[in-house]
Amino acid sequence: MRKAGIVWLALLAALVMAFAACGRDDESGGGEGGGDPGITDNSIKLGGSYPFSGPASAYRSIEQGAQAYFASVNAEGGVDGRKIEFVTLDDAYEPPKAVQNARRLIQEEKVFALFNTLGTANNAAIWDYVNKEKVPHLFVATGASLWGADVDAHPYTTGWQPDYVTESQVYADYLGEEKPQAKVAVLYQNDAFGEDVLNGFKKAVEGTDIQVVAEESYEVTDPTVSSQMSKLASSDADTFLNITTPKFGAQAIVAADKLGWKVLHIINNVSASKLLVLEPAGLDKAQGLVSTAYFKDPASPDWADDDAMKEFKDGLERFEPRANPEDPNCVYGWSAAATMVEALKGMKEPTRDALMDSVRNMDTEIPTLLPGINVAMSGSDDAYPIEAMQIQRFEGENWKLIGEVIQAEH
Amino acid sequence: MSLLEVEGLHAAYGPVRVLQGLDFSVEQGRKAAVLGPNGAGKTTILRALSGMVNARGRVEFDGQSLVGKPTAEIARRGVAHVPEGRGTFGSLTVEENLRLGAYVRSDGEEVRKDLHQVYGWFPRLGERQGQAAGSLSGGEQQMLAVARALMLRPRLLMLDEPSLGIAPIIGKELFRALGEICDEHGMTVLLVEQNAGLALDFADHAYVLESGRIALSGEADQIKGDDDVRRSYMGY
Amino acid sequence: MERFVQVLVDGIATGSIYAAVALALVLIFRSTGIVNFAQGEMAMFSTFVAWGLYEAGVPLGFAVLSTLVLSFLAGMAIERTLIRHFEGGEVLTLVIVTLGLFILLNGLAGWIWGFENRAFPSLFPDDAVDVVGVRLSVESLGIVAVLLGVVGLLFLLFQRTKIGLAMRAAALNPESSALVGVRVGTMLMLGWGLAAALGALAGVLVAPRLFLDVNLMGSVLIYAFAAAALGGFDSALGAVVGGWVIGVSENLAGTYVDFIGADLKILVPLGIIFVVLLVRPAGLFGTREVARA
Amino acid sequence: MTSPRVRISVICALAALAVAIPFLFGPYRVGQFTLVLVYAVAVLGLNLLVGYNGQISLGHGAFFALGAYSAALLIEKANVPHLLAVPAAGAVCFVAGYLFGIPALRLRGLYLALVTLGLAIAFPQLIKRFDGLTDGTQGLTVAQPVAPSWLGLADDQFLYLLVLAFAALMFLGAWNLVRGQLGRAITAVRDAEIPAATLGVDLGATKTRVFAVSAAYAGVGGALYVFAIGFVAPEAFTLTLSFAFLAAIVVGGLATISGAVFGALFIEFVPVYASDVNDALTGVIYGGVLIAFMWLLPEGAAGLLHRVRGLMARHRDRREWASEEKDLTPEGGAA
């Protein structure tokens, strides 16, 4: 009888050994040389969490853009001699996985800082923990406005891209000039992103003659938005605000065309991609589309011979050959990584607090952003890195920038 | 040389050994019956021959070995097996069940003729052609099962306890009709049956099976006269 | 009044998308007795293959045809190598295997073709017909026509051919089928092959409207299950009618019932199933009490 | 089967190991094991319903979410102490499971699976629809239990042990339930409904009660999830969670208590290792491992253990049987 018990214990002991291999790290958390973890004389370790699988897996190309930029910086000797290592984990766009990834990056990988973690819900799930651990949580890849709203509550967290409230403000200003009495029908994705832009727009048009006359939401799990579109088309709206992610943006453009619904069509920046939205929908249906931009369009001939874009395309070609150079997500990742490197350069000493000082007071030009749009923050009164965008209209084969860069104040 | 020769047939379900070395044979055109109490292994014999249970030993049908062949191939060689529980396709119609019987045959015209003939032999099936087979009575389902087997125009017809679960008079009627059909076509039959009376009237030759071994074999009327058989199986 | 008819017509068009995939589910259930979770992902994968061929310059019609054949062979191969091993085992084990296949195919397609969404050319011209104020896109009419054609073909296959009868028999009672000479394995393989080809056809039909990406079929699958269940899971016509009923009712509720709105649209098909199944457990057209699982 | 003494020694060994874990690993790994316990409770509930009772539910993620949100709201908005929130969440889900169970028992097999699948898809939408109560798409941060200072434990260790205590309670409950009178009725309903009914098993009551109990287990799992993660949002309770639970009971071993732990270990660690191997091929690896596991162990991990124990027992019997036979005179067939 006892023999069976012993065999059992041996089996379980082996199991424990397998897991114990990861070993209990001492809690001291001190990196080499007593400074903050994740940084040495010749290396900086950054951590990221992206949806490599799951419904939002189209965003993975952002990570490819960022890795390409870091690799090209490393090729030229890195930042002050330190090579950047960007460790990225998959969270399948699910908050519990993001929380586990954050713990793993901070406790096991011992990263110096988190960079460009993606998704509003995912970042909301981890920012309490990350701030408690006093780890920089920089340039999160989400346009929610709450990252810059209350710096004291979460001093270590910052956004990067112009937030959705800024974007909707720009649309309100544009309509204020072009169509002061606009009656707007809105299609929006039923999640934090969609609601942030919608509520931002409603707040921005308060007190003006512009009114939202119809709104329809859709779920990421819906097969098609055609029934929502036919409802919106039956309203008396003369303007259509399209707040969607790429696949549904393309569906909405096609549906509007099929319904013969010829109105001023504003499409949000996330779906303004020629590669993912306008080409699949058909460029003929996209004529006169209005959107915003804050970085250079990789597919537009206007920037074909721009030095920064050439550098971007070479870097992508060399370090991330599987990535598509015309995918704006890659430019997004590339530009965010450039901002991160600027922040690292601005550090007075290799500590996390020094990094935060550098970030909180940075004012720099990123070559792949549109001219006149810079990344600037000053302490806790302006915690929004990019707050400017430019209107663009789709004519012929490409987006055309029109008017001046519009600065939106919070 | 007899149509079916079986020598040293062993069959088992996992560790449970059911058939412990059977030897028997069935001549062309003759009707053989296997008697025996419940659990003697009667059904297992047919399942072994049809390749539905793993078996060892020599099984030669028309000179070719059946051991290890898949069930569908054995059927294609003209061995029709009416299984225990009749194997009716409940939600298919009576006609569809019969058509399945002739699945392996490619002579469409002949199949249609056989269909009418079967409705002749079993008029009740004719009346219920379009009905779902599951809605038929026990006796009717047994007729359907036998008819389906006949549709194959088999060279060997194997029947697993046809009288089970149906009224005695219907059982007697079924055996009478079956006897006529088989004699008319010179059909070779291997019948497994618990009702010794019916079986011995029907068959020419008989074997008595006890716990996996053949205890007695001989001509049907000789077995019928045997006292032990009468006392243990016929009940008088 | 046109508004109502327009909603009705839109409902039929959307319902046809669900019906196309539901047909593949019904076909595989009728011929193999299995509910295949990976049916949608197999269809998505085939649609990507068709897209690949088209991008490589193969004319659309030929690309679609060759994809149907490839999908047929692939479906048979999947049954032969993977599914057969689990024949006769616990039903749930097989459900989890198809779930594993779902996850694997989704990841594989993403790895090969990437995760961005793409346009897929339509088999039908892009214009629409205006009938008494109601817009009928030629594409929707085309899809409905193809669906009814497929239902007709399936009806002939299962009711009028020996192979079809044998396929149904193999699913119902494998043992008896073998006893009458039906090679059960071959029938199951055939069932999976046909269902895969049908799934590919469904993918090619819906991709122009939904835009092709790795999650093309993810959202359609639940509606396709609902359509198949409503139709009784073993009736092809039932699956198509089920799809239309769901498409129309979803659209009507989404349009006219305020509480429902777009986000709770999913409750409509499920509510219908709940009611239908309480009244007629075998579904609208189904003959068989699907309680066996 | 193995004798009671061996069984007890094994259970003690397991208990000792379970308690030792937080002291063997770093906070990240301990956090993972905490989640394994959380999933194990929910998976155990599903196993009661599917493995023991034969009713297929594809939507247990919905009850898990209901439990999580009930606990989160009770803690954050009604500042109910953590310890009370868990039973409360279990009660809420018991009632929801009972109400849902009544009409659902008219359905069987695929249809019940389909309706529960719909529930799993609709529930996140309901969370977003009633965002006044649930903060909808913004999600809700929930204060996690903090280790009392006199214990001298780190937060993650205390959290693990707290969840372990609840999990042990639930496992004990399930063990008794399955052994008890209701347990026999439950399995009778799975194996043969009509004969079970003839033996006086009230089918309706048994089924609804099992449905409610399994929903309550998922609810408790959800509440413990809130302790472990500290944040709830609609995106956290997608359909993939319900599918993961189903995969877990089959991988772990249907109709087994220990199977729930194996299944939970599988759905927590395999996806992580799959993406470590190659993040572009996460799906391919996870799907492949799931299929391979089913190929090798159709009855799941716990099934393997039963087989191993069976082999050891049979091996031991044969050895004893062989020794006895030597002194028996070899007589005829001993069939």
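A, B, C and D label the chains in the order they appear, each numbered from 1.
We take it that a contact is a pair of C-beta atoms (placed from the backbone, for glycine too) under 8 Å apart; a residue touches a chain by one contact, two chains touch by 3 or more.
Remember, it's a predicted structure, so these values are computed and weren't measured experimentally.
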With a step meaning a move to a chain it touches, how many steps does the shortest path from chain C to chain D take? 1
Where centres are the averaged C-alpha coordinates, which chain has the largest centre distance to chain A? B
Between A-D and B-C, more contacting C-beta pairs sit at A-D
Where the centres are mean C-alpha positions, what is the separation of chain A from chain C, in Å? 36
At what distance in angstrom does the C-alpha mean of chain C lie from that of chain B? 43
Inter-chain centre distance, chain A versus chain B - centres from mean C-alpha coordinates, in Å: 74
Could you tell me which residues belong to chain A and also touch two or more other chains? 53, 190, 219, 221
Residues of chain D that touch at least two other chains are 121, 125, 128, 280, 282-283
On chain C, where are the residues touching two or more other chains? 106-107, 110, 261, 263, 266
As the complex stands, chain B meets chain C at residues 50, 52, 70-72, 75-76, 80-81, 83, 87-92, 96, 99-101, 103-104, 132, 148, 152
Can you list the residues on chain C that touch chain A in the complex? 3, 6-7, 10-11, 13-14, 17-18, 106-107, 110, 114-119, 128, 135, 137, 206, 209-211, 213-215, 218-220, 223, 250-251, 254-255, 261-263, 265-266
Under the stated contact criterion, what part of chain D meets chain C in this complex? 50, 56, 103, 106-111, 113-115, 117-119, 121-122, 125-126, 128-129, 243, 246-247, 250-251, 254, 280-288, 290-291, 294-295, 298-299
Which residues, counting only chain A, touch chain D once they are in their complex? 1-5, 7-9, 12, 16, 19-20, 22-25, 27, 52-54, 88-90, 92-96, 99-100, 103-104, 107-108, 119-122, 124-125, 128-129, 190-192, 194-195, 219, 221
Quick one: in the complex, what on chain D touches chain A? 2-3, 5-6, 9-10, 13-14, 17, 23-29, 31-32, 35, 121, 125, 128, 136-139, 141, 154, 225, 229-236, 238-240, 271-272, 275, 279-280, 282-283, 309, 312
